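Two complexes, one shared chain (chain A), two partners (chain B, chain C).
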Partner chain A sequence: MKLRLQPGPIPRALASVLRMPDREWFGYVLALPALALIGLVVLYPVAQGINLGFTNAGTLNPGQQSYVGLQNFQTLFADPAFYNGFPGASALVNSVTLTAIAVILELVLGTGLALLLRNKVPGMTFFRSVTMASWVIPVVATVMMFNLMWLPRYGLVNIILKDIGLGQDNAYWFGNLNLAMPAIIIMHVWRNTPFFAIALFASMQTIPSDQYEAAAIDGASWLGRFRHITLPGIAYVAMIMVIIHVLWTFNNFDFVYLSTGGGPVNATMILPVYVYLQFWHNYTSGYAAAAGVVMLVMLLVVTIPYILMVKETET
Partner chain B sequence: MAPSRRTFLKGAGAAAALAAVGSPSALRRVLAAGKTPVTFWSVPFINGQDTKVFLPWFLKHDTLPDAQFTSDYGPGDYGIQQDKFLTQAKTGTPDILEGLWENMVAYVRAGTLSPLTSEFAAWADHGKFFPSTVAALTYNGQLYGVPYNTNARGMLVRKSILKHYGLKIPTTWAELLETASYITTKGQTEASFGPVLGMSGFGLCSKVSSVRGPQEWISWFFQLNHHLFKLDPTTKKWSLNSTPAEITKVYQLYHDLFYGASGKNLQAADPLYLGIDYNVLDEGYVTGKFAMVPEGPWMLSYQAYGGQSKYIIEQDTAIVPLPVAPGGGSGTYLEVKPLLLNKYSPNQAAGWEAIKYLASKPILSTWSTDSGFIAPRTDAQASDWWHKDFGALVPTGVALDPLNWTAVFDAIFKVLQTVVYKQATPSQAGTALHNNLSQLLARGVL
Partner chain C sequence: MINRMTLPKMLGTYVLLFLYYGFFLIPILWLVLQSFKTNDAIFSGSLVPHWNELTLSSYQSLWQSSSSSIVTFLKNSIIIALSVTAISLVVSTLAAYGLSKYRIWGRRGLLIVLLTSQMFPGVLILVPFYTLILDLHLSNTYIGIILAHSILALPFCVWMLKSYMDGVPQALIEAALVDGCNKLNTLMRVVLPTALPGLAVAAFFAFIVSWGDYLFVSVISSSTSTATMPLYIYQISQSLISQWGQIAAGTVIIIIPVVILFALVQRWLVEGLFAGAVKG
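Up next is the complex of A and B:
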């Protein structure tokens, strides 16, 4: 019997490239500079970061590093500040909690705001314009503004709380164990809700009005119209917004670092701040990179539905 | 009309030159004078602290013969400055920088600073500097910075508040607890003085990652022991020079300030102000929210705001030593801010000239007089009451041992948080910090 060897995957790929018509070749050549640039500014640093996560590299000893296998990851999951600390003091749990609560609130409030923006009442054009103000204000200014509002006794929030009979709850929110994380969530929601609202409002504008007219003739209530026409109409955009904001919020560093630094007692410690502190305060760049790798894996899991959705749309 | 290629190239060239030196006026000055541009990263030049009056004067009197400062002053925050300098020093920018002493050792260990030992020795002015400030900037036998700003941490006291209640300025920890808690208690109900109901008798920084907070902590510690670490002369290795019990005493003070000594329900520092950083503390003092605060001479700059701030700083403040620990002695954090030369700067000679200029008598006389800090030169001392009173604290100042204090301060404050938020007892905290510092030493981080 004569034995026939099957070509491997690389020879098969090469053969398929060589069989390409000229037009396809030309297309790849045109895309090459962009792909090379992406490789340089995205793939190379990511690969370097992953590589660093398996070393004992230190910021103060550049060039003196060796591979330590999975040791960084073992240390990471044994550190209560990273994982499995007491409630409210673990970067992993805090990151997930902050992201989940903030994005859910942004979606709900953003949808409500979008419904309001759709109303044709006097002054609505102006209101729509100023809605995005929170996005225009720099993060550092936002943190300073909230810092002033949450100062004890003379901060605006505490003055209002006192005026409505909640004076006993007077506190410096960023410095309070129980209020620091809600304060961070409120800042995220304040900043991002208008973005949700504008995107969802734009999506609502694409729903044909005759659908609402037909539903009204059929006697559908406001809630019924919202449930059966509006929600399906904005679902796709809403899903994209949710995924984008999960990525942004999970990766967000500046809000927490500028306002609480991850304290008090790790109550607002999140993964990006944890990575930063390991890198710049403990000078353990290999260990910090390992924490970054864990973040990367978690975010890739979140990104999969987004990729699938985009693929589905393209097909 | 579309711009021609020549116009476009001219514009691009001008933009690149602008980016290199910072602003059109700076570019004009540098090009006109044919001088070497020197980039000087200076946090006070950006955040305005210490420079409100000085900077406009400095920009007018910038008279270096061969070098010219660009207007790129770097980041306006010491933490970010450290991160950026460690990352980008090899690009050659900045040429020189001022910074915190506690970051200098990290820079040296990362190999980013030029030693200045021989240059400083050859400088005719070298004998004018206080030896303690020069010694503080010496690491492994090499001088890595020229001091330009020094101060010892003291306590600012609102004279009118203490007079109102017939209280004396506290000189011991026990007196501080008594005096401050009396004011805090009265402040909850009385607003007969100051603008705000709810004055806290004492205020201090307790935000994690605060730059100022660990400096306050170490000031209290130095009253018990001037050296948290000791160097073995034979092995040249550092080890801890303190005990958990000694460290516990400082954590006990913080606990007692916020929650009262055992058996007494006294709050010297209002727990509502837990988690504040230096900005809230400084502004809180000049707006009447704290009666006593641990501070440095930079507070003089608040007189520039006028009104109540000016009145409190000029008319109603006494500068006194920090109250002393039981069984302790004099000792407080001696801050020495250095001018440093980037090893990778292509303009080493111009950088050194710029450092000498910044540390010269005319510059330091003007800068320290305007901003309140103590000049480290014997011939540049201001004679007003502010400098005199803060200057009197300098002999009690203790310089930090030459280690990587960024990591030490981080460890101190992480543990401090567990005390002030009642997650650990002072005794547990003392043991925890002792263990953490031992681990950092063993790992070679320090």
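Up next is the complex of A and C:
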């Protein structure tokens, strides 16, 4: 009896791998270490984190977890420190407020600074080159710097207040119910505005100057030129900057944790700090993961348009 | 508007520049000033110190303090940040080359995965990541921290380098291959020199991600044997009697390496960062 070798699906796949052009499999080999690391340390933990959000896992009783359905989410939305607490004292609302105000301020101030950087005055190259310095400094250093600004009696801001006769307004900003959140916002703005400015400045440089010349001949005002030439020219870059800063600000943990720890009385409690405290101080990892899942869902709202935008430029 | 500057306009520009840069630079200058003041001068609350109130004692005490000396933390930070820089650079260069120059199946999907992985909340990853670290017995080890930091830096580095490598013409690579260069040689001699600014920015990015991280180190490192500078500075700031001179000095020390590296890569930084976030 003759055995006829039929190429089945598996040998065929194998053959196509072996016949795969040289330039293809080597590409996989190159990309493999990075993808394996990211898979192991990002994708697996995210999947696992979503899974944990539906369990009662705890750090103190490893291995004894069971599924509890949506219970974590019910508890979350019943916790005033997470949602629906006193105005300005719940993590969900604070996170959204902080992100919105900080990013809007960064965009407005960044555009202003970008316009300023275009003016050709002596020394401008120096100003441009030092601009990004605030962005590269470690967050913990920025927090300590602003601590030294806002200490009662010997912080710079309070010394100046005293010297101009407003000594009664002496306050420790990070410890003050009304000033703590503005203090956090100022730190974000301090760090990120230069990045906005430099990116927008760079995109303004790509606008052809004959457009401005034509507008000048037509007698367009400064505002008119800004609205009809500059703004459309920088819209794409501005959009990308806004989206990545929404993501970074919303996810940022250390500005708040290292300065106020979420206090005073939850006045600066934000989602990342809430998750961290639940996980690391209360040992309720299932519950913490559930709060993380809520963050993830909120982030998707900005991530999806971002990916679509980038995908379009990628091709 | 761009070409001609009248004198009033120039003055206006300078006034606005000083306002903006005052806001950015005053906190840094004040920090440096405080680090050189005696404790008495800090607590007197005077704006301008007398020259004999300036001292190096805050810096000296960071080294001499027996209970919490800066030396271990500084050493850990340097070892970890340099390892992270080296690992991210090698791994992301290979991956970027593979994704840029090889039309592999699923390439676009992989690129999107890379981009998305930067968006996940660090704290959500942290919970299961901690379990993973415990399972692999990497808690309180350099390797655990280096692994975590490399991952934080990788997606951005790959994206950034890929966009630089996309600029290298395919014909150039093929010419090198025809001339007898092997694949890795082509990467080293033809592609990398063109992508040099990208490499500098990627290295810088990986370094500052690791150097400044508090979140992951605080969870992985359970003793001072692997703790880094951000933990040290936070720890001395939390002590009952805050020694603000020492805190200022420690903060200056954590900033110095970053500022030096920044000065080296500054001219490519924004272009590179933007490439890492947008182009692909």
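By definition in this document, the second predicted complex is superposed on the first by the 263 of 315 C-alpha atoms of A that agree within 3 Å, B and C clash if a C-alpha of one lies under 4 Å from a C-alpha of the other, contacts with A are read in each partner's own complex, and residues count from 1 in each chain.
Keep in mind that, in the parts below, a residue touches a chain if its C-beta (ideal position, glycine included) is under 8 Å from a C-beta of that chain, and two chains touch if they have at least 3 such contacts.
Keep in mind the model is a prediction, meaning the values are calculated, not measured.
When both complexes are superposed on chain A, chain B and chain C occupy overlapping space and clash. Once the two complexes are laid over each other on the shared chain, residue contacts for A:M149 go to chain C alone; chain B is not touched.
With both structures placed on the common chain, the touch criterion links A:T97 to neither chain B nor chain C.
In the superposition on chain A, contact of A:Q211 is made with neither chain B nor chain C. Residue by residue along chain A, chain B and chain C are tallied for touches, and C comes out ahead. Shared-chain residue A:W280: touches chain B and chain C both. Judged by the touch definition given at the top, the superposed model places A:A171 against chain B, while chain C stays out of reach.
In the superposition on chain A, A:Q71 makes contact with neither chain B nor chain C.
In the overlay built on chain A, none of the stretches 95-103, 149-157, 167-175 or 221-229 of chain C clash with chain B except 221-229. Shared contact residues on chain A (touching chain B in one structure, chain C in the other): 59, 62, 147, 151, 153-154, 257, 280. Against chain A, the residues of chain B that register as touching in their complex are 79, 82-83, 86, 106, 109-111, 196-198, 206-210, 270, 272-276, 280, 289, 404, 406-407, 410, 417-418, 421, 423, 445.
The touching residues of chain A, counted against chain C in their complex, run 23-24, 26-31, 33-35, 37-38, 40-46, 48-49, 52, 59, 62, 113, 116, 118-121, 127, 129-134, 136-142, 144-149, 151, 153-154, 156, 158-160, 162-163, 190, 194-195, 198-199, 202, 209, 212, 216, 222, 225, 237, 240, 244, 247, 250-251, 253-254, 257-258, 271-272, 275-276, 279-280, 285, 288-289, 292-293, 295-296, 299, 303, 306-307, 310-311, 313-314.
In the complex of the two chains, the chain C residues touching chain A come out as 1-3, 5, 9-10, 13-14, 16-17, 20-21, 23-24, 26-28, 30-31, 34, 42-47, 91-92, 94-95, 97-99, 101-105, 107-108, 110-132, 147-148, 150-151, 154-155, 158, 183, 204, 208, 211-212, 214-215, 218-219, 229-230, 233-234, 237, 244, 247-248, 250-251, 254-255, 258-259, 262, 266-267, 269-271, 273-274, 277-280.
Taken together, the chain A residues at the contact with chain B in this complex read 58-62, 147, 151-154, 170-172, 174-177, 180, 257, 260-265, 277, 280-284.
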